[in-house]
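Have a look at these structures, which come just after this line.
Each of the next two complexes has chain A plus one other chain: chain B in the first, chain C in the second.
Up next, the complex of A and B:
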């Protein structure tokens, strides 16, 4: 029972990180109809933005988190203006390849400028475990969970309750009609990409603190999981993507606890294949492209 | 008299296929102008060209406001809306995954929030059935109810000109009559209407003037009553009798 509760907790924590990354993919995909393959590497840039801030500026957690969010947000903003906007309306494959190229450039740029190897993330928060009886949890785990939940709450609030969020959903479903009702589609796209990038930056710093290290090529592992979540859930409901990400995290943790971490990724992909076979538009449906 | 909307020598093509070839149309303030034509005649392309949603090859589209004449080809779609142009698209094109209320709020996206709230209340008084269903997803409504949402959404921003594309498409005959009465009511409030229709009989009854479009060309134009009596219009649209 203890193992189950422990793995459940671990699963919720990692699942909430997947959720933040998946929501980033979903926001950009629903608004711009492109898969932003640079998103996982923007997550990585956020991680290194936080690392450099912790090393050279301040080790206050909030300052580090802000530096991560801002550095990732800035890269997202530049990506939107320099790559995504000029390619809007072109073949989706062009944007896909362009974002993939930006991702590779970011990975290799950070590897060349900082290090191609795994580097230690400064211990901004104590890694001392806290005993909760049946389970034990570390402070970075708690921070990771809180950061992810706050990020998801921000996205939910934004898309459900703000006029711009409503416009984001309108653009996602019918961009021409949204424009005809006064929505500046370029502005909405810019906000969506920047918000997704800033959230990825926040998630990245909490992951860096959780594992105590950062790596220029870390984006791929998290990016694939985030991408699987959006494919399984479909892009129609952001809350559906969050739910699938949490479920995937829990499933992976239980597999690791009861079987072996060797099967963890294989089961995630099997799940994806099974869902797409039965429901090609995802569990909660997708906007048509 | 200067027209509110002037389209001159408009040429539009989708890839290599021409959709409009030299179309010229004028719409005057306060009138209901009907564009009639069969499927593929280019009616919707005219509406989309006014909204900046097509790739215009040649010609001009201009809109007059109180202070100036605006070349719509130089503006983006969201800027055209801010000049007072709204749209009831073919097939309603509501945001089906959003509630009725959210659809109406989007109608006032570019307007003052307080005024939008007041306008939504007015629209819910106009369409009491929508008040009952305001929290329902728009995609779950019947065709007639969806058309009410589409009309209400277009009226929220107090437009000068409303573009209505195939209002009667897919609606039951009783609902169609109700919808055309609503168009008259909208027009009586001072809103100019450009109505694109295949239902010539109903459309000509409420219109001030009309244009007849065939494969991208204007072939007839004039006062609606005159056009309704023309043999060519009767043969094509009115089954040989008015």
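Up next, the complex of A and C:
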């Protein structure tokens, strides 16, 4: 029972990180109908932004998180302005290749400028485990969970309750009609990409703290899980994507705990094939492209 | 034969051959992210036959192609109902699962890779393989089924309404493309002398998608040009040392920004216009 509770907790924590990344993919996809393959590397840029801040500026957690959100958000802003906007309305696959090119630039740029190897992330928060009776958690785990939950709450609030969020949903439904009704599509997509990037940056810092290291090529591992989550859930409902991400995290943790970690990564792929075989538009439905 | 350039020449030929396979798969609107895994399976199959059973080279390659074809047909059948290109990225799941399985089978070396493969592949065998693959793709392009598959790519509903079997077209294109990839993988295995499960992941497959779209996915020569340019480019930029991958990414992004239709764009045929009208009528009747 203890093992079950412990793995459940671990699963919720890792799943919430997947959810933040998946929500970034989903935000950009619903607005621009484009898979932003630079997103995992923006996550990585946020991680290194936080790392540099912790090393040279301040090791206060909030400053580090702000630095990573800003660095990732800045990259997102530039990406939208320089690549996504000129290609809007073009073939979605070509935009995909362009964002892939940006991702290659980002990861190899960081590798060349800072380090191509795994580097230690400064321990901004103590990694002392806290015993809660049945389960034990560490401070970084709690921080990771809180950061992710706040991010998801922000996205939900933004999409459902703010004027820009309403415009976002309108653009997602029909970009041309939304534009005809006076929605500034460029502004909406700019805000969406920047918001997604900033949240990914925050998530990256909490992941860096959790494992105590950072790596220029870490984006891939998290990016692919986030990408799978939006494929499984379909991109219509952000809350559906969050749910699938949490479920995936829990499932992976349980498999690691009870079976073996070698097949842990296979479960995501098996789930993806099984779900899309039965429901080709994802669990909760997708926008058609 | 080419001195220090030999490995570059051979890798270019193999990459072009793999991209021809991806091109054939993409003809019917399927973007395969399992290319590396299919090529790896072809490589494993051929290498097991030549190393463990002493088979000659050519039959082993053919077996590699057949293995690829079966896997491709299976993937096409399973992903048939996923219509959008984006959803077709689900094929990455097959590639990753094949990689996980290959990691855990001791007979083929598991995580330690399959080694000790006899060195059969050289420049001529790669060139012949590429020529055969190109000839197949070219003939398929002009065949009845080739036209049918382009119709499916441009508008699934319209194509189905005119009596084209989407299942048949997608299974055949994926199988043919995967057979070419399997054969290329078999050739590669006998040149690298190693097949390792680390090289089966989707981030390797992603390269071939980049090659295809960079050159232009609508014309065979475009795909081949894309693969050639992007294989040779990083070697030419070797003088920039650690920044060459940054430049590589920059080149891809900038070329897409200035030529969003790929290096060689679609040749207008007038067929697709008629098709979209048929599709509109069929959809209106369905509603």
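As a convention for this text, the second predicted complex is superposed on the first by the 289 of 289 C-alpha atoms of A that agree within 3 Å, B and C clash if a C-alpha of one lies under 4 Å from a C-alpha of the other, contacts with A are read in each partner's own complex, and residues count from 1 in each chain.
Here is the rule we go by: a residue touches a chain if its C-beta (ideal position, glycine included) is under 8 Å from a C-beta of that chain, and two chains touch if they have at least 3 such contacts.
Since the model is a prediction, treat every value here as computed from it, not as a measurement.
Contacts of A:163 after superposition: chain B is touched, whereas chain C is not reached. If you count the residues of chain A touched by chain B and by chain C, you find the higher number for C. By the touch criterion defined above, A:97 lies against chain C but remains apart from chain B after alignment on the C-alpha atoms of chain A. When the two complexes are overlaid on their common chain A, residue A:176 makes contact with chain B while staying clear of chain C.
In the superposed pair of complexes, A:109 makes contact with chain C only, with no contact to chain B. In the superposition on chain A, A:26 makes contact with neither chain B nor chain C. With both structures placed on the common chain, the touch criterion links A:218 to neither chain B nor chain C.
In the superposed model, A:286 lies in contact with chain C only, and not with chain B. Overlaid on A, the two complexes show chain B and chain C touching no common residue of chain A. Note for the complex: chain C touches chain A at residues 31, 78-79, 81-87, 89-90, 92-94, 96-97, 100-101, 103-104, 202-203, 206, 209-210, 213-214, 217, 242-243, 245-246, 248-254, 256-257, 260-262. Interface residues of chain B facing chain A in the complex, by the touch rule stated above, are 51, 53, 76-78, 80-82, 86-87, 89, 93, 95-98, 102, 105-107, 109-111, 113, 153, 157. Residue ranges of chain A in contact with chain B, taken from their complex: 163, 166-167, 169-170, 173-174, 176-185, 236-237, 287. Every residue of chain A that touches chain C in the complex is listed here, in rising order: 35, 83, 86-87, 90-98, 100-106, 108-109, 111-112, 116, 220, 224, 227-228, 231, 262-263, 265-266, 268-270, 272-273, 276-277, 280-282, 286, 288-289.
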